[in-house]
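What follows is a set of structures to go through.
You will see subunit A twice below: alongside subunit B first, and alongside subunit C after that.
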Partner chain A sequence: MKAYFSYFRMRLIHSLQYRTAALAGVATQFFWGFMEIQLYRAFYSEHADAFPMTLSSLVSYIWLRQAFLMLFNTWTFEGELFKSILDGNVAYELVRPADLYFMWFARTAAVRVSKTLLRFWPILLVAFLLPAPIGMQLPPSTGTFALFMLSGFLTLGVTVAFTMIVYFSCFYTVSADGIRAILTPVSELLTGGLLPIPFMPAFFQKIITLSPFGAMMNAPLRIYSGNITGIEAGKIMLLQLFWLIALTLVGMLLQRRGMKKLMVAGG
Partner chain B sequence: MKLYFKFFLMHLKSRMAYKRSFFFSVLGRFLTSFTTFLTIVFLFDRFHVVKGYTLGEILLTSGVTLLSFALAEMFFRGFDSMQVIIKDAQFDRLLLRPRSLVFQVMCQMIEFGRIGIVVQSAIMLIIGICASGIEWTAAKALVLFLMIPTGTLLFSSLFLLHAAICFFTLEGIEFVNILTYGAREYGSYPFDVYGGALLKICTYIIPYALVQYYPLQYLIGRTDSVWYGLISLLAPVFFVPTYALWRLGVKKYKSAGS
Partner chain C sequence: MIKVKNLTKTYRVSRRDAGFWASVKALGKRETKTVTALDNISFTVNPGEIVGYIGPNGAGKSSTVKILSGILTPDSGEVTVNGLIPWKHRKKYVSDIGVVFGQRTQLWWDVPVIDSFELLKDIYKTDDAVYRRNLSLLTERLDLQLLLRTPTRQLSLGQRMRCEIAASLLHDPKILFLDEPTIGLDAVSKIAIRAFIKELNREKGTTVILTTHDMQDVEALSDRILLIGNGRILMDGAFEDVKKIKPDYASLDELAFHLYRRYGITGGEA
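Coming up: the complex of A and B.
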């Protein structure tokens, strides 16, 4: 456990170096969020009664999503990891006295956390300073905030476990490009990255909520503003825990079986 | 032109060498713009109308914007990778050749994967044309048709702007993405949806609204003045300052590679 944690720290410090890229990212994310809020406000001004969540809930949802984009998105992958499976360098990892799955899990989580540490605070700072309709609100209570944090950790876990499945499915398909090209738009839609899940038709909502995608950013971003509370919050976090375990097991299985049939040529 | 066609075939052949990877990249692009489509449909399923625009009218707008952007991206994407061209000194090679630089950078890259978006946005456009309830006349058809090439030229000028800035910074500036990809993302809706201030910016500073908002007003019959429809012809004027900046950049260029 300690080994994985120090590996996590190592990768974290490594990727904290890319500050200029982060600054540009902040500006873009902020602008994106602003435009999206403007769009929803246009809908809200005419159809407030058909809105599935309060405007301030939605505004908080969008700002949080923009601030934690690097933590919760389903489309950040490290090319290096794909490459090491494809060119066989993954065999070196076997030499290490640590479990490959958890090493990569720690590494992927570290990259996400470090990118987020550089980006989230300027976005949130400005979002809190903005005036009422488009400004970010504090959560209704400290209890809600605690639930948000806990759910956020679970989301990071579920999301990383999901990306691990994509990495290790590379053992079975020759190239990862195809899977990535298709998964990126589909998972972005299903996690609520484009449109918050409450805005979708009831039928879709039901399916997505039970799927692993509903157990990702959907949960913490809606818990924060009180859109999901009480028993519902407990239920969705149990689902998150379930998917974290299930996706981790699937990923480990893919990795174990892939490594078994892996043959490394050359010397 | 003949030379460009040669490059076109060359890029096509090299892309076709890996058919499966090509297929997936087209499919991925198709799905990306399909999710845009779904998002719009979901929102209108709930709200029916925004600022007086119906689903059909929004699909029409979205189709036109996406299509002209995808065409610009397909043929002018070379400018978006200008930082690479400058950094590994490929640009020095281009300077030696007896052809215009803009032409040569254009020939560096043709993104056939964008066909996925072209197809999807064309479908969206067709649905929009049928569902918008517009009574089509020859004049309106012409106005709609003009929106596409003028939009493509406008977006291409923005790619050129990004490339020109690279001469001064040697780095791509992600901020410029707001101007290009942001317009694609949010150009699905007529710009007045985002508020009056933004519409002004999109009229006078970067003239997106000329190829989108104003012609649309004519198409859906909110104004009878055909000038609103033909104003899109003014948008390519944006090319002039960006080209000037590009020329300045080329003049100032000192090789960065080894």
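Coming up: the complex of A and C.
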């Protein structure tokens, strides 16, 4: 366990070095969130009742999504990991007395956490200072906040387990570019990254909610603002736990099977 | 003790003719060929030996090292190293070995070398005292004082290779696999690395298996030579025996040339 934690820590300090990238990210994410909220405000000013979320819930959803973008998105991959499978550097990972799957899991989680540590607080700080209705609101209760945190951890796990499947698909396909090109827009839509899931057609919502994509950022962002409460919150977190386990098992299976047919050419 | 018996490993290699139409044809039907990298290889290595594993490019040297270090699974044959089967008991087994791939890197690119070492300490669960002792010994012998606090990306190849070798030895492995450790290095670095390996073997009794194209490595280090060509072990003997093939050789490379020719080795099939 300590080995994986050290691996996590190593990657964490490694990517905490990139301050300029973080600053640029903060500016972009803040601006994006701000513009998106202006857009929704225009719609809401016509028919506030016609929407499935209250404006203040939606505003909190957007600010949180922007602040935790690097933690919860489905499209951040480490080029180095794909490269090490393709060029054979993965050989060095395989001579360690540790499990490749969990080493990379720790590493992928660490990249997300470190990028987020540099970015989330300036965005949230400004978002809280902004006046209503475009400012960020506190959660309705401390209990809600606790659920939000727990659900956030689960989301990180589910999202990382999902990206691990993409990494290990590289054992089978030579290049993961195709899979990434398809998954990036599709998963962005299905996780509620473009449009919160309650805004989608009812039938579609049911399917997504049960899918792994509904068990990602959708859960904590809606729990925070009180859009999902009580029994529903418990249910969605159970689904998160289920998908965390299921996706992890799939990823481990892909890795184990891939290693049997692995060729480390050259060198 | 390393025991290898009837080891065989094949790869599938796809091939097609040059040009546009050949690539269109390959869309429908792929032509693949099975290449035998290792063909029924057997040998034994005793503890404390330094074995030079030589042969031309594509002969099967790296495949052997990768099987012996638990990375690849062979098609058939038996391998036991101190009673363990490398690819079956991988996690347990690799704690006892150190591996250096001369053409790859195990150090983290953007952080000082010492950070990579600390991580390896945790991954191998190396005892604090053992780690500190090895670190100071390796720092002294490989002259790493000034390198440890430098990010890997700013090291020269020779400096990096010294750090790579140190990284593979921090956990006190009983067996060290060196896959082309002197590739691309200048004379000073090569000689420093050879002297270090020799010392390591003498003082700690570490078994060393070395693959290389550099006959000077072999001459300086190996008590014993295994010659592999076209997937087979062609010769197993002392360096002195090799010299008898052409006693009046002008250079070690010429000697290798005559050695390869005598055993009819081509560059390996592909």
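Convention: the second predicted complex is superposed on the first by the 265 of 267 C-alpha atoms of A that agree within 3 Å, B and C clash if a C-alpha of one lies under 4 Å from a C-alpha of the other, contacts with A are read in each partner's own complex, and residues count from 1 in each chain.
In this section, a residue touches a chain if its C-beta (ideal position, glycine included) is under 8 Å from a C-beta of that chain, and two chains touch if they have at least 3 such contacts.
Being a predicted model, the structure only gives us computed values, none of them experimental.
Participant: Scan A:Lys260 for contacts with subunit B and subunit C and give back first, second, both or neither.
Facilitator: Only subunit C; A:Lys260 stays clear of subunit B.
Participant: Under the stated touch criterion, name the partner, subunit B or subunit C, that contacts more residues in subunit A.
Facilitator: After superposing on chain A, more of subunit A is contacted by B.
Participant: In the superposed arrangement, does A:Leu124 touch subunit B (first), subunit C (second), both or neither?
Facilitator: neither
Participant: For A:Ala42, using the defined touch cut-off, is the partner it touches subunit B, subunit C, both, or neither? Pick first, second, both or neither.
Facilitator: first
Participant: Which partner does A:Val186 reach: the first (subunit B), the second (subunit C), both, or neither?
Facilitator: first
Participant: Name the contact category of A:Leu241: first (subunit B only), second (subunit C only), both, or neither.
Facilitator: In the superposition, A:Leu241 contacts neither subunit B nor subunit C.
Participant: Contact-wise, after the overlay, does A:Leu150 reach subunit B, subunit C, both or neither (first, second, both, neither)?
Facilitator: So A:Leu150 meets neither subunit B nor subunit C here.
Participant: Considering only the defined contacts, which subunit A positions touch subunit C in the complex?
Facilitator: Per the touch definition, subunit A meets subunit C at residues 2-3, 5-7, 10, 13-14, 17, 88-89, 91-92, 94-99, 259-260, 262-267.
Participant: For the complex, give me every residue of subunit A touching subunit B.
Facilitator: Residues in contact with subunit B: 21, 24-25, 27-28, 31-32, 35-36, 38-39, 42-43, 46-47, 50, 52, 175, 177-178, 180-182, 184-186, 188-189, 194-195, 199-201, 204.
Participant: State the interface residues of subunit B toward subunit A in the complex, per the touch definition above.
Facilitator: 20-21, 23-25, 27-29, 31-32, 34-36, 38-39, 42-43, 45-51, 173-175, 177-178, 182, 185-186, 189, 193-195, 198
Participant: If we count contacts the way the header does, which residues on subunit C are in touch with subunit A in the complex?
Facilitator: Residues of subunit C touching subunit A: 11, 62, 66, 69-73, 90-92, 94-95, 97, 99, 101-106, 108, 110-111, 115-116, 118-119, 122-125, 179-180.
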